[in-house]
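The block underneath contains the structure these notes are about, expressed in C-alpha cells.
Naming follows writing order (A, B, C and D), and every chain is counted from residue 1.
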C-alpha cells in the first residue's frame, strides 16, 4: 500500500520540479512546484470541445488510459515490501497494460482524422515497439538472478543476491531512466515544448483533447513518471534499511530523477526523426549488456 | 538350295531400301512373294500333312506374289504423276541403317542360340522385320509405308515358317488371315486417300498434332 | 461361349442387312441381353474353360461386368447421338460397335495368347469403321494412322508370340495357353522370354495407351464420336491391360520377372510424364481426356510393375477409371452441343447454362484427379504405399511431381469450363435428363469403389491376382 | 461414435439441390446443428477408445481423447457460427448465383465440418489421409465460390495443388513409419520413435502439417486463399482449419520419446521466424482480409513458440517450463479460434456494406456501423494480447514459463530463452502496430470515400460475433476455468506432469488476474462516473478538428494504410519487398501526361518457394511436348527406339 501512495505523491511534484529545473537552468525563476497540479485541477473543471469526426472511442480513451496506469501501479512494491497484488508474471501484465493504454491513445488520435495526429500515432507505435524488448530483457535478467517472476519477490531477493547487485542495480536504473524518457516522450525522442506539430510525437496525439480529457492525460503522464521513479527506487534501495531511511532515500531518488530529466532537456537537442529507431536500439543494447554482465557475474560465461 | 533363296531375299531387302520408283517397289515385293513361296514349299514338302502344304502354297503364291502387287499397281496407276518420289532421309543413310539392322539381327540371331530352329531363318526374319520398320520410318509417302508393312509381313511369315512348322495348322491360318485382312483394309484406305487427296503424299496427312 | 459368338455374328449380319434404325435398336437390345446372359453364365461357372480356348476366371468376370456397365449407356448415347445429329450409316455404326464388343469379349475370356492376339486384331478392324464414322478428312487421317500403326504393333506382337512359341514347340500340348506357358517359362531360355515380352509389350501398347505407341490412340479418341471414344478409352484399354497382365503373370515365376516389372515401370513413368506435358498444352476437351487415360494407364503399369499389394490397387484403379472416364466422355457430348466446339478456351460459365451436367463434370474432374470420394484415391494411395515400402524414393518424387502437374492441368482446364467467362454463345441445347442420370450412376459406382468393404468384388480381384 | 451416421448426415444437404434458395440455408444450418450436437454429446460420453470398420481395406479406428474433444468443440462452435453469419453475408449473392451453386456451397460447408471432425477422431493412416483430402476438397469448393473472378480461380487451384503436396509429404511420413512398425497410422509412430532416429520422419510430418498450418516457408497459400474466399469461409478456414495442421503436429509430438532438444530447436526457430515475418507483412498490407490472413500466420508462430519452448523444457527437465509453455500453446489455439473468426466476420460485414476491402478507401465506418466497428476493435485488442482479453492469458503463460525457468540454466538455454522472450515482446509490439493501423484507418477518422449509403449489417451477421465476444471475455476475465479445462490436453504431452504442486502457482496467477482485471474495470467505472459528474454543468461544444489554422481540411489528408506503415518499412526493407511503380514526370514535358502511383507488397517467401520453382517446372514440361508430331513414321520410330533402348539397357544390366 505504501508504494501506491508514494507514487501518487511523487507524481504530484514531478512535473513541477522538471519545470523549475529547466527555468533555473535557463536563468528564470520558474513557476511554483505545484503549478502543474493546479493546471490539472483547472482543466478538470473546464468544458471541452469535441471534433465532429471523432466517435465514442475518442471520448473514452483518456479514461481507460488513466485506469490502465492506476491498475499498473497495483503490482509495484516499495523497497522489498509487498505490492497490493502480486502474481507470477505481473511485470508482463504491467508492460501489456501500458501497451493497452497506448493502443487506445493511438486509435483515438487516428479517430480525429487530422494528418498531424496520424503522424504522431505512427511514430508512437514504432517507438513503443522498439522499447518493449528492452524492458523485457531487463526483467528477464532480474528473473534469472533471483529465480522468481513477480515484482515483489524479485525486488525482495534482488538486493540480497550478492554484492554485485548494486552494480547491476545502477546499470538498470540508468536503463529505466532512458525507458521512462521514451515512455513519457521526453527529450531525446520527443520535445514537449516544441510548437511545430510536424516534429512532435506524443504532444501532437493529444492536440484535439480538451477540458476534462486533457486533464486526465496530463495526470496519466505524471503518474507514469511516478511509476518509473518507484521502479528505479526499488532497484537501488536495499530492503534491509529502516522505513524512515527508505522514505528519505526514495525522496532523494525521485527529486534527483526529476532534476536529471530537467537538466537533460535543457542541454540536449531532440534527435533527428530518422535517427530515433537507431537510438532506441541502443536501449536494447544496454539491456543486453546488462544480461552479459549478469552472466559473467554468475560465472556462466567462461 | 534354301540358303540361295534366303540370300536372294536378303539382297531384295537391301535393294528395296534404296529404291526410288514405285515400279521397282512392285517388282521387289512380287519377287519376295515368289521367293517365300519356294522357301515354304521346300520347307513343308518334308512334312506329310497335305492340307497345310496346300494352304501355305496357295497363300504365299496367290496373296503375296500376285494379289498384293496387283492391288498396289492400280494405286500407282491412279497417281498419274508421281513416278519418282522424295524420301524423308537421303537414300545413302537409309541403306546405312539397313546394314546396321543386318548387323544387329546377326548378333541377335546367334545370341539366341537354341538349336531347334535354323539360325539362318531367324537372322533373315529379324533382318526383314527391322528393314520393314526402317522403310516406314525413313519415308514420308503412304506408298512406301505400305511396302514397309508388307516387308514386315514377309519377315514375320518367314519367322513363323522357321518356328511354325511345329505349331498346329489352325493357328497359322488364323494369323495369316488377320495379317492379310489388315493389308486389304490398308490398301482400300490408301486408294481412298489417293482419290480424296488426288496424290497419296502423306505430308499433308499430319494435321492431327499438338 | 460358342452360342454367344454365333448369336453376335448373326446379329451383326442382320444389322448390316436391315438398314432401318428401328431394327438396329431391337438388334442391339438383343445383343445386350446376350451379353448379360454371358455374364451370368460366366459368374455361375467360375473357373471352367469352354471351347478349349476360353476360361471364366476372376479377371475375365471383372472385365465383363465393366463392359456391361459401360456398353448399355454407350448404346443409349449412340442412339441419341445418331438420331439427333448425323443419320449417315446408322447400321454400319451399330454393327461396328457390336463387332467391337464381341471381339473385346473374346480378348477378355481367351486363355491362349494366340486367340487373344486374333481377337485383338479383330478389335482394330472393327474400331477403324467407327473412327471413320464422320467421313471427314480428319477422320480419314485418324483411321489410316490408327490401322497402320496398330497393324505394325500387332505384327510385332505376333513376333513376340512366335518367340514364346519356340519354348512350347518341344512340349506339344495346347499351344501357348497361359497355364501351359507358366509351367514352361521357368525352364525357358531367358533371352527368348525377354525379347518376347518386349515385342508383345510394344505391340499391345497401342491398345493399352502406354508409352511407345500411344500416339495414334490419342488421335483416334479425339476424332471418334464421344460414345465410341468412351468405349475405346475404357473397354479397349481394359483389353490391353488384360493382355499385358496375362503376359506378366506368365513371366512372374521366372528370373525374367523382375526385369519385366522394371520395363513396365519405365514405360509407365514415361507415359505419365508425356501425359503431363500434353495435358498442360492441349486445348481440346477430348484430347485432354485421352491424355488423362494415358496418365492413368501409366499409373496402372507402374502398379503392375511394383507388384504385391499394388497389383490389387491396379485392378481397383482400372475399375474406378472405367466408370469415371466413361461418365466424363458421355458428358463431353453435352458440353459439345452447348458450346458447339471442343476448344476449352472458348467455353465457360457451364454451371449457369446446364447445372446438372456441370455437376457431373465437377464430380468427374475431382474423381479423375483422385480426390477422396473417388476409387482412384484408394488405388493411388496403395500404389504409393507399396512403392515407398520398396524404398523407391526417386520414382516416388518424380511421380509426385508429374502427378501434381497433371492434377493442375486437368483441374484448371476442366473447371475453367464451369466458371470462366464464355466467348462462344451457348446454344441452350439440353440433353434428356435420363442420360445425365446414367452419368450420375456411373460416377456413383466410381465413388462406391471408395467405400465398398470386402464384397464379392474384392475376392474376385484376389482370385484374379491368385 | 458412429461414423456411418456422420457420413450419412454429410449426404443430407444433397437434397438441397431441389429446394428453393431460402430453404437451402435452413437445411445446411439444420444439418450442421445436428452434427454439432451429436458429435459433442458422443464426444463427452465417449472419452475412451472405439474401433469401427470404416473404409474398404483400412479399419477406421476412432479414438476420442481430450485433444480430439477440444478440437471437436472448437470445430462445431466455429462452423455453426460461420454458417449463421453466412446467411447475412450471402444475401447479395442470392440473385447472382443460381440454385445449384448455392446448394454446392451449402453442402461443402457441411462436408468441411464433418471432415474436420473426422480428421480429429480418426487415427488409422488410410482413413486419416482420406478424410484429410476430403477436408481439402471441401475447402477448395468453398474457396471457389466466386470462381468467375479469374483471380479467385487461379488462387483456388494453386491452393488445391499446395495442399496436395502436403498430402504426399504426410503419406511419405506414414509409410516410412509403417515400413518399420507395421502399423500404418498415428498409433505406429510412438513405437517407431522409440526405436529409431525420429528426426527425418518428424521433418516430413512437420513439412506436411506445417503446409496446412502456415509456418513461414510453407505459408504461401494462406494470404492468397483467405481474401479470395467469402468471409464466412475464410473465418472458418483461418479459425479452425489451419489448426488441423497444428492438430496433426500435436499428434506427432505426443508420440515423441527422445531428441527433445532438436525438435524444440526446429519448432522454436521456425515459429519465431513465422511470428515476426507474419506480423511485419500484416503491417504492410492494404487489403483488410490480407492483414487478418497474415496475422493468422503470426498466431500460428506464437503457438509454435509455445510448443518449441515446451520441448526445450522437457530437454532441460524443468517441468514448470514445459507445463506452462504447452498450456500457453493449447490455450492460444482456443483463443485464436475465438477472435480470428470474429475479425473475419467484421471484415466480411465491412465488405458487404462498402464492397471494398482496400483500407485506403475506407475510414469513419464507426459512425455508420457502430456494432461491427466496436466488435472489430475489441477483437483487435484481443489478438494483440492486451490484458483484459483472452489473447493475453496464453501469452502470459508462455512468458511466465520462459522467465520462471531462467534461473540456474546453462549459457545456451539462457540465451535461447532471453532471445525468444525479446522476440515475443517484439511480436506483441508489431501486432499493436498492425491492428492499430487496421482499426484506426478502416473504422475511425474521416471517411475517405463517401459512406452515406453504408448501413449496419443485419442481425444474422452480428449475433455470431457477439457469441464469440462472450467467449473472449469469459476466458479473459476468468482464466482459471480455461486453464483447468485444457489441463487434460496438456497432460497428453510426453513426460508432462500436471501435479497440484506445479499447477498451484499457475492457478494463483490466473485467479489474481481475475481480481486485477475486475479492479481495472472498477477504476474505469469510477473515472467514467467522475467524468460524467464533472461534465454535467459545463459547456460541451462541437467543432472541426484542429487543423493548425488550415481551413480547407479534407479526408484525403489523413494518414492512409501505406503511409502509416511507412515508418516500419524503412527499417524492415529486406523482410518485406514493397514495390512502388509509377512513371516519374521528366523535366522536359511541360504539359505532364496523366501518371499513376501504385504501391504493393509481394511476398518474399512466396516468390522464393512457390512462384519461381513452379514457373520453371511448367516451362520445362511444356518444352518437352514434342512427341505428337502427326507424322506416322515418327510414331513407328518411337517403338523402334524403345525396343533398342531396352535391349541396350538390359545388355549393360541397368534394368
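The rule we apply is simple: a residue touches a chain if its C-beta (ideal position, glycine included) is under 8 Å from a C-beta of that chain, and two chains touch if they have at least 3 such contacts.
Owing to the predicted nature of the structure, the values given are computational and were not obtained by experimental measurement.
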{"item": "Chain closest to the assembly centre - both centres taken as Cα means", "value": "D"}
{"item": "Dominant chain pairing [most C-beta pairs in contact]", "value": "A-D"}
{"item": "Identity of the chain that, by mean CA position, is farthest from chain D", "value": "B"}
{"item": "Chain A and chain C: spacing of chain centres that average the CA atoms, whole Å", "value": "79"}
{"item": "Interchain centroid distance [CA atoms averaged], chain C/chain D, Å", "value": "44"}
{"item": "For chain A paired with chain D, centre-to-centre distance based on mean C-alpha positions, whole Å", "value": "36"}
{"item": "Whole-Å gap between the CA centroids of chain B and chain C", "value": "31"}
{"item": "Residues of chain B whose C-beta touches two or more other chains", "value": "133, 136, 145, 205, 207-208, 210"}
{"item": "Junction residues of chain C - those touching two or more other chains", "value": "144-145, 148, 152, 156, 278, 281"}
{"item": "Where chain D touches two or more other chains, by residue", "value": "625, 628, 632, 634, 636, 639"}
{"item": "Contact pairs between chains, per stated definition", "value": "A-D, B-C, B-D, C-D"}
{"item": "Contacting residues of chain D [partner chain C, same complex]", "value": "53, 55-57, 98-101, 104, 126, 129-131, 133-134, 136-137, 144, 147-148, 150, 153, 157, 160-161, 164-165, 168, 171-172, 175-176, 178-179, 184, 617-618, 621-622, 624-625, 627-628, 632, 634-636, 638-639, 642-643, 646-647, 650, 655"}
{"item": "Touching residues (chain side chain A, partner chain D) in the complex", "value": "44-57, 60, 63-64, 66-68, 70-71, 74-75, 85-90, 92-93, 95-97, 99-100, 102-103, 106-107, 109-119, 121-123, 125-126, 128-130, 132-133, 135-137, 139-141, 143-147, 149, 197, 207-208, 211-212, 216, 274, 277, 284, 291, 295, 300-301"}
{"item": "Footprint of chain D on chain C - complex, ascending", "value": "144-145, 148-149, 152-153, 156, 194, 198-199, 202, 205, 211-213, 215-216, 218, 259, 262-263, 266-267, 273-274, 276-278, 280-281, 349, 351-352, 355-356, 358-359, 362, 366, 371-373, 377-378, 381-382, 384-385, 388-389, 391, 396, 400-401, 404-405, 407-408, 411-412, 415-416, 418-421, 449-454, 458"}
{"item": "Complex interface listing, chain B residues touching chain D", "value": "88, 133-134, 136-140, 145, 202, 205-210"}
{"item": "Of chain D, residues touching chain B in the complex", "value": "625, 628-634, 636-637, 639-640"}
